[in-house]
Amino acid sequence: MSVTVSEDRYNKGIKHLETMNPHSFRNLEKALENVAPDMARYVAEFAYGDIYSRPGLDLKTRELATIASITTLGGAKTELKSHIHGALNAGCTPREIIEVIIQMAVYAGFPKAINGLYSADEVFQERNEKI
Amino acid sequence: MSVTVSEDRYNKGIKHLETMNPHSFRNLEKALENVAPDMARYVAEFAYGDIYSRPGLDLKTRELATIASITTLGGAKTELKSHIHGALNAGCTPREIIEVIIQMAVYAGFPKAINGLYSADEVFQERNEKI
Amino acid sequence: MSVTVSEDRYNKGIKHLETMNPHSFRNLEKALENVAPDMARYVAEFAYGDIYSRPGLDLKTRELATIASITTLGGAKTELKSHIHGALNAGCTPREIIEVIIQMAVYAGFPKAINGLYSADEVFQERNEKI
Amino acid sequence: MSVTVSEDRYNKGIKHLETMNPHSFRNLEKALENVAPDMARYVAEFAYGDIYSRPGLDLKTRELATIASITTLGGAKTELKSHIHGALNAGCTPREIIEVIIQMAVYAGFPKAINGLYSADEVFQERNEKI
Amino acid sequence: MSVTVSEDRYNKGIKHLETMNPHSFRNLEKALENVAPDMARYVAEFAYGDIYSRPGLDLKTRELATIASITTLGGAKTELKSHIHGALNAGCTPREIIEVIIQMAVYAGFPKAINGLYSADEVFQERNEKI
Amino acid sequence: MSVTVSEDRYNKGIKHLETMNPHSFRNLEKALENVAPDMARYVAEFAYGDIYSRPGLDLKTRELATIASITTLGGAKTELKSHIHGALNAGCTPREIIEVIIQMAVYAGFPKAINGLYSADEVFQERNEKI
């Protein structure tokens, strides 16, 4: 039945989010609850239930690829910091995260790489991570 | 002495490129030889000699992060295909490459992910790679 | 049951695509069938089954908003042309499409607006549309 | 005579702005008055006098297309909020605005759509709009 | 009177275009004549009549700034090549153009700089320019 | 010897930075010292030691091209303000800087040009520059 199944994708996504970044997702749900609660649901269902749940690539590499992408986009600091948390929670070291962002200087230019590093610095300080 | 040393970064970069993607780099050098040969040199020295040579992140993950970034940029098909070759040469499976590009639908939007998949398809067909 | 329901989102999306742009979707499916058939499925399920099927905004306006977005992205000609077809199929006039793209000169700059107009011109000529 | 006519485009633009968003335009004029007052004049003359005044597309759809474009650009929160005000003033419902921004998840990626929704939420709260 | 004056901006723009790049503008007019002739008029009136005609910055520097911007956008090859022609016609040397594009590697990333250099190479070969 | 020479590129870059923008570079070094001190070194070595030190284009034009590029990127306010300082230190007038940013309305769209002007206004006020 449809409701059940849609809950399956949602629950599969939530299960992933619980491991990776429960805090950020709860913040997102809260921030969107008045304006567009469906958007938080799509994050759980599509981004995590469909995409992050796919086999073929480990979670650590998925988070590093996402950090590469959001650093390249620029101007999405909240989302970048959320995925730096997610990468650490998935088992990436601060050093691996820093290496991905430094590398973005080559592909997305120095300003975006530098801004990405500032976001990483903030997350590492919040969590008392040593690089 | 300066010339020697600059050659060291260049040679370090070239050594990396020889493993990863000698064909693409020679095409780049040739394509730039009349207009800006220094640019090919910077690719060897800075991108490969400085950045890809850094410890702290394995080459396969570096190539997947680059594929994430160039897919997100959009509109740089030659460079994307070159790094899909590089990722395969570094030992990534076609499946891992596809997973990174599909995931970009979430962060960079469907049009860029779809265009990235077309580039991957072309590379896989050129090399007879099975997914 | 899960398979059934996932088919529901898929079928809902396909129903939308059949009205709006069956030809483009079949081309997409074919182009992705070797490299990433799941991506075509996500287009049907998420883009059309989840998003385009939402109430609260008519299909014509949805297509014009998409044309605004892809013109702003730049460099995604196949997808832009596909949605110009979709907009015409949804009942937009060529004039409305042109007006949206011209307006992008203000927000995304002249080069992207001009490239968007070239894509529109190609679609209108293929379909013998008068502006 | 030249001055008179340039005033015509300016006045045509201002007339539009008075209906759509007089408050935002006055803020813009004030913010630019020391650094580049001509830029505010170009907004009135070109963006509103030339483009928004064109026949062939209603004002509501123009504002929704602009919201799609600025959400896709990312990183231009002041301008996005100004056009969300403009869309409401032109008669769009909060629901229509939200639908356009949610749809941008497909074309511009989730981070830009989510940031767009945060801007919409701020505007709706300022104006006490119910969704 | 309005018609006269609008012609003044148009004529001022056309005068600029005649010096800088009459060939590219005629191609643009022709390419847009069926789909959106007004867009070519806005290029003449706004881009050239209003902006390029402003005092305070010489034409050569204006063209180099435009080349920097379009290289940074990426994916707008026709427009980039048109402005490389414009820069040469305005008196820039091939070397100055190359230097601006190489520098974009730092700010917009290597892929966009390399693609910009390919466009420059094509223009220089068409015109038999020596670097 | 390698260390010596790498210091040569660094020192050449630092010499440039001392003339152009010593204050911004020291802020950058400090901001990156815990997270990625190598990134500040690459700014000195590659951006300034390799690129800005190249002959063939004067420093003032280099800074204006950079301002065009960062305005076009959008969302990198710290870096844009740093280069507006750099341009003034290199001898550009406030008027020349404003002209480049206004011109970006044509190529990168009005929102990015307007945001660029706000950054310029802040720098001019900090330095008491008259336009």
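Just so it is clear, A, B, C, D, E and F label the chains in written order, and each chain counts residues from 1 on its own.
The working rule: a residue touches a chain if its C-beta (ideal position, glycine included) is under 8 Å from a C-beta of that chain, and two chains touch if they have at least 3 such contacts.
This is a predicted model, so every value here is computed, not measured.
Fewest steps needed to get from chain A to chain D, stepping only to touching chains, is 1. When the C-beta pairs in contact are tallied for D-E and for C-F, the bigger tally goes to D-E.
Each chain gets a centre from the mean of its Cα atoms; the one farthest from the centre of chain C is F. Comparing the residue numbers each copy contributes, chain C and chain D share more than half of them at their mutual interface.
Centroid to centroid, with C-alpha atoms defining each point, chain A and chain F lie 31 Å apart. Shown for chain B are the residues that touch two or more other chains, namely 38, 42, 46-47, 54, 70, 73-75, 98, 102, 105-111.
The part of chain F that touches chain E in the complex is made up of residues 46-47, 51-52, 54, 56-57, 61-62, 64-73, 95-96, 98-100, 102-108. The touching residues of chain C, when paired with chain B in their complex, are 28, 31-32, 34-36, 38-39, 42-43, 47, 70, 73-76, 78-79. Against chain A, in their complex, chain D makes its touches with residues 74-75, 98, 101-102, 105, 109-115, 117-118, 120-121, 124, 131.
Residues 1-2, 4-6, 8-9, 38, 42, 46, 50, 54 of chain C are the ones touching chain A in the complex. Those residues of chain D lying in contact with chain B across their complex are 105-111.
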